[in-house]
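Provided herewith is a single structure, encoded as structure tokens, for subsequent inquiry.
We call the chains A, B, C and D, going by the order they appear; numbering starts again at 1 in every chain.
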Amino acid sequence: MIRKELCEVIRQTEIADSIFEMTVKGEMVKDIRTPGQFVHVKAAGGYDPLLRRPISISSIDRSKNELTMIYRKEGRGTGLLSEKKTGEAIDILGPLGNGFPLDEAKTGETALLVGGGIGVPPLYELSRQLKAKGVKVIHVLGFQTKDSIFYDSKFESLGETYIATADGSYGAMGFVTDVIRELKLQFDVVYACGPTPMLRAIEQNYQDKKVFLSLEERMGCGIGACFACVCHTTDDPKGFSYKKVCSDGPVFRAGEVVI
Amino acid sequence: MNRLNINLPGLDLKNPIMPASGCFGFGREYSQFYNLDVLGAIMIKAATLEPRFGNPTPRVAETSAGMLNAIGLQNPGAHKILTEELPWLDQYDVPVIANIAGSQEDDYVETARIISQAANVHALELNISCPNVKTGGIAFGTIPDVAKQLTRKVKEVSAVPVYVKLSPNVSNIIEMAKSVEDGGADGLTMINTLIGMRLDLKTGKPILANSTGGLSGPAIKPVALRMIYEVSQKTKLPIIGMGGIQSAEDVVEFFYAGASAVAVGTANFVDPFVCPTIIEKLPSLLDKLGIEHISECTGRSWKRNEQPVNHRA
Amino acid sequence: MNRLNINLPGLDLKNPIMPASGCFGFGREYSQFYNLDVLGAIMIKAATLEPRFGNPTPRVAETSAGMLNAIGLQNPGAHKILTEELPWLDQYDVPVIANIAGSQEDDYVETARIISQAANVHALELNISCPNVKTGGIAFGTIPDVAKQLTRKVKEVSAVPVYVKLSPNVSNIIEMAKSVEDGGADGLTMINTLIGMRLDLKTGKPILANSTGGLSGPAIKPVALRMIYEVSQKTKLPIIGMGGIQSAEDVVEFFYAGASAVAVGTANFVDPFVCPTIIEKLPSLLDKLGIEHISECTGRSWKRNEQPVNHRA
Amino acid sequence: MIRKELCEVIRQTEIADSIFEMTVKGEMVKDIRTPGQFVHVKAAGGYDPLLRRPISISSIDRSKNELTMIYRKEGRGTGLLSEKKTGEAIDILGPLGNGFPLDEAKTGETALLVGGGIGVPPLYELSRQLKAKGVKVIHVLGFQTKDSIFYDSKFESLGETYIATADGSYGAMGFVTDVIRELKLQFDVVYACGPTPMLRAIEQNYQDKKVFLSLEERMGCGIGACFACVCHTTDDPKGFSYKKVCSDGPVFRAGEVVI
């Protein structure tokens, strides 16, 4: 069930340069099914800004009905969000979409989790749940620069973690895909979230593996009604067949849709 | 007593609130949130004769108090809508207004013929004003004679009353309204989106893949009100008003301007419950304003003051 | 190095930022806040041949992210502007663009003749698009041939280049732009306000005494950008863009769309310091975007990608 | 000098039904010249709402650089204002306009201060300053209903105070003008602020007295630039001569402008 709920801000911290971690409390936590689902957040009452903002759920605490989001302060919406204080209420619609399929990684298998920048957050809850069911997790995380790195030690506590930065200021210099190749990492399943070129490269490189990709698209409704976020399906790339990132995704199996 | 019911050609509405075309799909998504029976009517997404994929993404961009869209009339085609979407909607006790679009006259006529067969389609909304399709569309919406001719052709085949949806992107909205009235329209719906654009600061390129898109939301409300005010005084056709409606207060403002019913578009994306919320709040707003029935509000801005009942003789 | 200077017909601008006509009076009020020398230019309030009182009040109403005005061209008349306002402005080192309006051709021509005599008037802005006056105005702004003819007549008498201010309330903005280009215009300014309206919830009547008014502010920015984008590709005339500009980012967006300079209207009421603030912030924004000179931004949205300098041979 | 300043909210209280008293601190207090001047308040950052709201200055404390406003929560702007908490900053433009001329009432004379509803606030500072210079003050204040009455005891402490309510729920029932007539009040100068019909009646009734009226008009700029708030002058009621309520007023001598 999708709820529209006024959620209370439990805490908010700037965990890296312009990167905020915000935890809110709400009944909708009960309805979260898979890691990689997202919420649609109204950053302010009124019409400034008008539309909601899609933000991934980065972790949940079912016992407390709490969910955590990690976002980069970008424009007006995330800017206003970053000013919210503990105790304030935020209008949130969620949970939305379909997350990463956990059952595709069997106990004892190895899952490779690849994240780029602000695509890293949903991988955290995914990693926790995979580990809990006995899947070995390896993380390869890419960031712009040293100052924008977050959650590195949290990921390390769950499994091997490799960091790359675009400017080489920390970890390997370059792309996450380079890291994976150079380290000759072995794995059974790939879960990835990040910029489209990164997702394309992963799809290209691991055609023999099970690969799941979380896409991003500008959204209107977030629930499948407005057709803002559609993509072609791979079986009919110029035709009428489509998937909606918001309600069919945001996570798709590699090869399912044209990215 | 029902203080909200409204009768319009083909439409026996329990209340005058309906979701606007393209902002509510075919109802399935919003049926997760509430029982669609509460709605006055539903304006479904535009149907074209053949299926369409629409425009490349990004298809939406935000603006101050508004949004741009360039969906490009994505839809599964008239036949599928007739056989798959409309039967699903038939479980609800709510009249459907089917929005039809096309690239040329024949498409419109054929689509109208097909869609108007459905038992739950009580009216057609002739979309002569979609700004996001390369061919046709816009010319139908800006040249009075073309619009009149199209209206006439569609009227000939339609089994139900035809409302024509006017584009605000014209020099003379009254002329357009009168032309489609001459063409035999049973009502008007207005306004469709204004054509607008946003640019990406980093790339310098348009944010929308289609470059331009249709502007909707609160930003356009004053333009919608002005056009309804002008048109309602110059034609006899009932008007279903839309453009930025978000609240019961907005609804009354549209009625004052000259609307007889209203549609809510963009606001559904902001709050999926906006339509039932407005319907729920209208009666107490009418109380506050001392109004018995919402129909009394229509055209109050330009109707001469009638004597209040208790002052008569 | 000056990264903001722009040369346009008659206008040697130290920067491309100027207050829009009607939103800055004749400069006196804002001179309390800052030295007007910092401005690229000043577009003064519309001048008509005879003095005008304008419309009854209320003359303004607020809308979502916008405002409506129906001032009705209140001004002391061309002679007084020439003898009292322009000499006062002459103490500043800033070119004046004089906005001229009228009810009929002769008024425009005579006003143009008078006002263009002033030494500090470097250009005229031909206001063919004021929605708030009962006669003339609007027809000049919506009928291409009428606009062309008026432009030609004004050009004949004007001692300085003539910019024509386009109305957005038209079906085909490109056609209007081309007509005034044919008529000899030296440049375009766009857009004037959209026609809009608000109703009072309690009385049911229009809030503005004039019923309708001109919509300005951030709400109309996407419409302005779209029109500038379209027109800049189809005429050779430089465009001074306006409509909802509030920030340095907005200015760059207007340049990307096709503007060569911009004017700031409504935002002056929100923040009297908005013009100097934008001028101050532009250089660091250009730095962030990797742009040397603001003129490089003009039309970037539609110009074919030029090779970056360091990639050449 | 007019300043645009971020003023800190010192305190805010709901002093009657939907009537709020808000005190802010700012340098602009130094520039306030006369009671009856106003400020132009931005109720929120961004464009919701876009325009400033004119609110009269109801009292000032020069020693602390504080000014107080009293406003009725009406629409979006005053609604947002009413949510401001101590310590928050508000963007205020002021002081604006020309207030009530104090020197028109001489020491020993009697001044009648007539206020209607939300026109009452600026009379408070006026009354304090008149009393301080030895003018006898009489107040006649009209309100809609008992619950919307405010500052009655504060006015009483400065001089005779008569209250009328439209519904008779407190004090005399009816209009302030009725009260003045029935009580046969004697005075040398009248200062009034309130709804236009009230001001018209006062102008009409006391043509033999010195009368000063504070007008209200919808405003754009608040500083004289936009011509939103003009009125005709009485010497040329259909002509081109005008006054601006924001910068020439809001206080005018009766007979100066057409109301």
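Keep in mind that, in the parts below, contacts are C-beta pairs under 8 Å (C-beta built on N, C-alpha and C of every residue); 3 or more make two chains touch, one makes a residue touch a chain.
In this text the structure is predicted, and so the values were computed from the model without any measurement.
When the partners of chain B are compared with those of chain D, the chains appearing in both lists are A, C. The interface holding more C-beta pairs in contact, when A-C is weighed against C-D, is C-D.
In whole angstrom, the spacing between the mean C-alpha positions of chain A and chain C is 45. The distance from the centre of chain A to the centre of chain D, each centre being the mean of the chain's C-alpha atoms, comes to 55 Å.
Chain centres here are Cα means. That of chain C falls 36 Å from that of chain D. For the pair chain B and chain C, the distance between C-alpha centroids works out to 33 Å.
Of all residues in chain C, those touching 2 or more other chains are 64-66, 217-218, listed in ascending order. For chain A, the set of residues that touch two or more other chains comprises 47-48. Chain contacts in this assembly form a complete graph, since each chain touches every other chain. Chain D contributes residues 44, 46-48, 76 to its touches with chain A in the complex. Per the touch definition, chain B reaches chain A in the complex via residues 22-25, 28-30, 32-33, 45, 51-54, 57-62, 64-67, 69, 71, 74, 76-77, 207, 217-218, 246, 266, 268-273. Those residues of chain C whose C-beta lies close enough to touch chain A in the complex are 64-65.
Residues of chain A touching chain C in their complex: 47-48. Interface residues of chain C, counted against chain B in their complex, comprise 63-66, 68, 142, 169-172, 194-199, 201-202, 204-206, 211-212, 215, 217-223, 225-226, 229, 244, 249, 252-253, 256-257, 289, 297, 300-301.
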